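Below: a set of structures, written as structure tokens.
Shared chain: chain A. Partners: chain B in the first complex, chain C in the second.
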Partner chain A sequence: MKLLNRFIPSSGMRQVPKSVTVHAVLLAYTVIALFPIIVVVINAFKERRAIFRDPLDLPDSDSFTLVGFQQVLLRSDFGLYSWNSLVVTILAVGLVLLLGAMAAWALTEYKFKGNLLITFLFAMGIMIPIRLGTVSILSLMVNLDLVNTLTALVLVYIAQGLPLAVYILSEFVRTIPKELTEAARCDSVSEYKIFFCVILPLLKPAMATVAVFTMIPIWNDLWFPLILAPGEETRTITLGVQQFVGQYVTDWNSVLSALTLAIVPVLILYTIFSRQLIRGLTSGAVK
Partner chain B sequence: MASVKLNNIKKRFGDVDVLHGIDLDIKDGEFVVLIGESGCGKSTLLRLLSGLEDITEGDLYIDDERVNGRSPAKRGIAMVFQSYALYPHMNVFKNMAFGLKISGKDKAFVNNKVMEAAKKLKIDHLLERLPRELSGGQRQRVAIGRAIVRDPKVFLFDEPLSNLDASLRVQTRVELGKLHQELKATVVYVTHDQVEAMTLGDKIVVMNKGRVEQVGAPLDLYHHPKTQFVAGFIGSPKMNFLKAKISQSGAENTQLVLESGRVIEASVDTSSLNQGDIVQLGMRPEHMALNCESNIVEGKVTLIEHLGELSYLYVDIGQEGEMVLKVDGDNQHQAGDKITFGIQPNRLYLFDHQGKALTRVNAHTSAAILL
Partner chain C sequence: MTPSNQHDEKKPFPWHLVFFLGPGLLIYVVFSVYPLLDTLVLSLFNEQQGQSSFVGLQNFITLVTDETWSQAFWNALGNNFKFFAIHMLVQNPIGLLLAVLLSSPKLRLSGTYRTLIFMPTMLSVVIIGFVWQLLLSPIWGISENFLYSIGLGQYFDAWLGKESSALITLAFISVWQFVGIPMMLIYATLLNIPDDIVDASVVDGANSFQTFWHIKLPLILPTIAMVSILTFVANFNAFELIYAVKGALAGPDFSTDLMGTFFYRTFFGFQLQQGSASMGAAVATLMFLIILVGVMLFLFFIQRRIQRFQF
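Let's look at the complex of A and B:
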């Protein structure tokens, strides 16, 4: 709220040019960011020939078709793929949030041996992409007999999301006044209860932020589903879409329709988190 | 309620010594005020009592039980913080009930307790509000309420009033005093404010650099400070100190010479000192009077502060520097006026070169202003 107020010119005309520039920049960025998505969505409703002839045109009565959606929903197991994606994403994000918050709390609140080392390892985890370890992860999963299970994906995504989550949440934990936990301790509240009843509720906005940052790459990932869970039963949506991309012919209608459909669940999750997200993003900066 | 006993308590942070051995006896139901300069270790001592910080050395007894190493909850203490530390996401009722609920008390009991405390503190109409919807004074009451509902053995307050504005501070101070009489609780109270200390405390503990400088009843500290530090700390405005040389020592009367050659008579026992020894002469602003016939000093008024009922005169007495006098508010003097004032010999304090007070002989112990 306060952030928005800043952009609304309040004190005289001096602010107007600045506000216009800011809006122009933001608008330009929005257009660039949305452009590919809009192209995907409008072309999902067009015939194959129309897609190639005028990719930027809106579908009209001639070119409008739902054949892509029919293909996707009938010919492939779209429901299953969505379900897989949803299960993996929600489980992974949920666990990243819970474990991340716990780790952040422990690392900032308690002094213990190895505290610094663990913090350092998490920092390394942010900088080193997890895909570098793909081969070892695969052999690990084979040994654990987890190939072609959603569990494998969930585990990997937790590892992928945790370092950044811990880092961001630690910053937020630090802003919680120490007296609050001390008051709780004097109130004879156990350490567990302090975490769940006092700290966690205060971290909510921060956790929404982390949820969005964590969720998007997991939902969009193609790499690990392809390597760890390529089986028919465990395909995620991004992997499922690939079956329409052939080596010689690509069924663009289906690909675009599938992608359009795939946007919907993320959009829903995002709207749930976004109000909290904005609060989380601004609460640190504006006090 | 409970008694508290500190036995040579020491605290070290890494290799920094913060408390150097504190001995203190607190009786059941006593209101003890810790006072001292910033950084002298008051908060640290309070946190040691609460169990939020570990005691490095020494023994702490609550009700004759040694409680070193016990968690705050098990010591039966309640702490009220300067920043209130209310849980921001819980309303007033939940804030007060949280500790009780967690410890598994049944609902009716918790409700009763909270309502009772809320009525006592006159916050029963605010129970549904969130902390951020309260004024500073109301938040402070909720914080006190949260402490009361738990029926603690000892209340610990760390500068609870310092975030309030002046008039609210006075009001809350009075209420705290009444509350203490009503609850008959053992209280340890940290403050910077010597008025709070004097008015609330049954016993004041003056701390200096991690040591207890003096313990005593408020008036005791005022009339019989054991050291120059305590003398300077208790009383407002501060006691005036002047350097003086003993020209004639004695068991009942002492003659002193100031730097400017002025001669001062003091009813202080200096038989342990010799002629020529340097001492500090202490004079309270409220004990110097414009019409006093003994120990007359003349000077020039440099500044007057009018407080209404009384005024502070800042007087330049030449070589020795500046002194503050507390005079009647109707006083007609102006800056630049030359005045003479005096002080009775039995109103004077003397401190040796180590800052130790010398015994006063038939000390005048009425605090009334001589006008």
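Let's look at the complex of A and C:
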């Protein structure tokens, strides 16, 4: 509460323009948020001695080195890990969007027995984390012979992403005017065509929001890759980095480089899509 | 495909419904609903030498009373509540403050601040754990030197390595990473408050603090409640940060053990203790109940009480 007092124009103090205080606080917090990440990234490009002597200096011609990155690429298959993460994320997000949109359409458009129950079932999934079912998921995957396959991860992530997708997309389907579908039905257009040619294109903006929300937890997950697909061939980037750092913890160049390799692509993607993400967060899509 | 004969001829079997709903529902039920229910059932059985027998609530009784289990269980549960309390007391107030500042009228660069402050939230918890482990490392000494430069050097310690401070330090790392979420959600709510209401209070002579306290705060309470429940669920499900920084043993001496790491160890085993699917299922069931109770409390009490503030 003390911090909020700065909003009270105090007569005793020298009057500092309010916007200066606001900028000072926001700038300070921005530094706090970015500093740790920047320190790791700049030191990944420095020699071991420079990392310890001047950790806050930018790499210069003397201290610059890529030895850490060379070590990482030599000792582990970062290319493969990134590829695995990419395949799993794209397949899972793509299918969450398609199946989620189809389910959202069915649940909002058609009246049928069990509609309410299924809607409730999906709603539960928003709050109850899927990893509580891990014991059974693992034995299920063992029985289906899917352990150490990317398929196992894709299936679990679809199940994980669907509830929120169905919820957000249903809200969106409700805003589509009824006249649109009724006009199409009068022209005896099939239900399938109505969905794929009329509804699906209209859902695009909402699907972009869902895509971002679904993508982040999948890309960053450690739990399911660790339990369902820990093998070298199916390792995702998050698990790969975790294992690599655990193994080479004393090799500072390698550790810093491995972290940088995991951080930079995400930050590039984030800067590209941040507008989309923030619009999604602030448009009230998640209530 | 022939429609089923049992149905009225005028009302053919709704194949389109099966087509639209079927695939999604099937995957969701098989890989989420069924495993959850199966876990709840499994927690009532005991598996020994491949033989599974019904034992009722025995697994739970063992968890909360048996000497070898109960100490670890209550420790993890207590730590988890501490972890959650730190989030509530630190993450949400800072998020609120940042959101209020960001929504100041005619603030320049607000988009840039927003994007940059939200950045750590995007990264994997595992990566963030390692980043802070390096920064707080006494070997590297970045934090130590920084504290010396601002005259607080004597307070530096190997926080992550000490039993008394490791959990709190990890909680602060998590707060640092996720403060963007309350900030963003509260900011969105603040933007949606109609200008008329704020203007009216200003015309009535309220200063900006009074406007905030009496007008804006009640309107963002639902958002704060929602942020709290999201934090609750995420905290009682947390695993990655502890596993990355401290390993499955959640050291030193289990002082950073949370329900997530306890669940992992129970299920997969550690050191001399063998992993057990049914005990793992019992821990998962307890986590499920804790989260369920939290969500129910939110839905029935908080949500209802704050309803009257909504438009």
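Heads up, the rule we're going with is that the second predicted complex is superposed on the first by the 198 of 287 C-alpha atoms of A that agree within 3 Å, B and C clash if a C-alpha of one lies under 4 Å from a C-alpha of the other, contacts with A are read in each partner's own complex, and residues count from 1 in each chain.
In this section, contacts are C-beta pairs under 8 Å (C-beta built on N, C-alpha and C of every residue); 3 or more make two chains touch, one makes a residue touch a chain.
If you're wondering where the values come from, they're calculated on a predicted model, not measured in any experiment.
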| item | value |
| --- | --- |
| Partner chain in contact with A:L80 - chain B first, chain C second, else both or neither | neither |
| Partner chain(s) touched by A:D187 [first = chain B, second = chain C, both, neither] | first |
| First (chain B), second (chain C), both or neither touched by A:I32 | second |
| First (chain B), second (chain C), both or neither touched by A:E179 | first |
| Partner chain(s) touched by A:V198 [first = chain B, second = chain C, both, neither] | first |
| Per-residue touch tally on chain A - higher for chain B or for chain C | C |
| Touching partner for A:A262 - first (chain B), second (chain C), both, neither | second |
| Overlap of chain C and chain B interfaces on chain A (superposed complexes) | 190 |
| Contact set on chain A toward chain B in their complex | 177, 179-180, 182-190, 193, 197-198, 201-202 |
| Interfacial residue positions of chain C with respect to chain A in the complex | 14, 16-17, 19-21, 23-25, 27-36, 38-39, 42, 94, 97-98, 100-102, 104, 107-109, 111, 113-120, 122-127, 130-132, 134-135, 140-142, 145, 176, 179-180, 184-185, 187-188, 191-192, 207-209, 212, 226, 229, 233, 237, 239-240, 243-244, 263, 267, 277, 280-281, 284-285, 287-288, 291-292, 295 |
| Sites on chain B touched by chain A in the complex | 50, 52, 71-74, 77-79, 81, 83, 85-89, 98-99, 102-103, 146, 150 |
| Contact footprint of chain C on chain A as seen in their complex | 3-5, 7-9, 18-19, 22-23, 25-27, 29-30, 32-34, 36-37, 39-40, 51-52, 55-56, 99-100, 102-103, 105-107, 110, 112, 118, 121-122, 125, 127-137, 139-140, 155-156, 158-160, 162-163, 166, 190-192, 195, 216, 219-220, 222-223, 226, 238, 241-242, 245, 252, 255-256, 259, 262-263, 266-267, 270-271, 274, 278, 281-284, 286-287 |
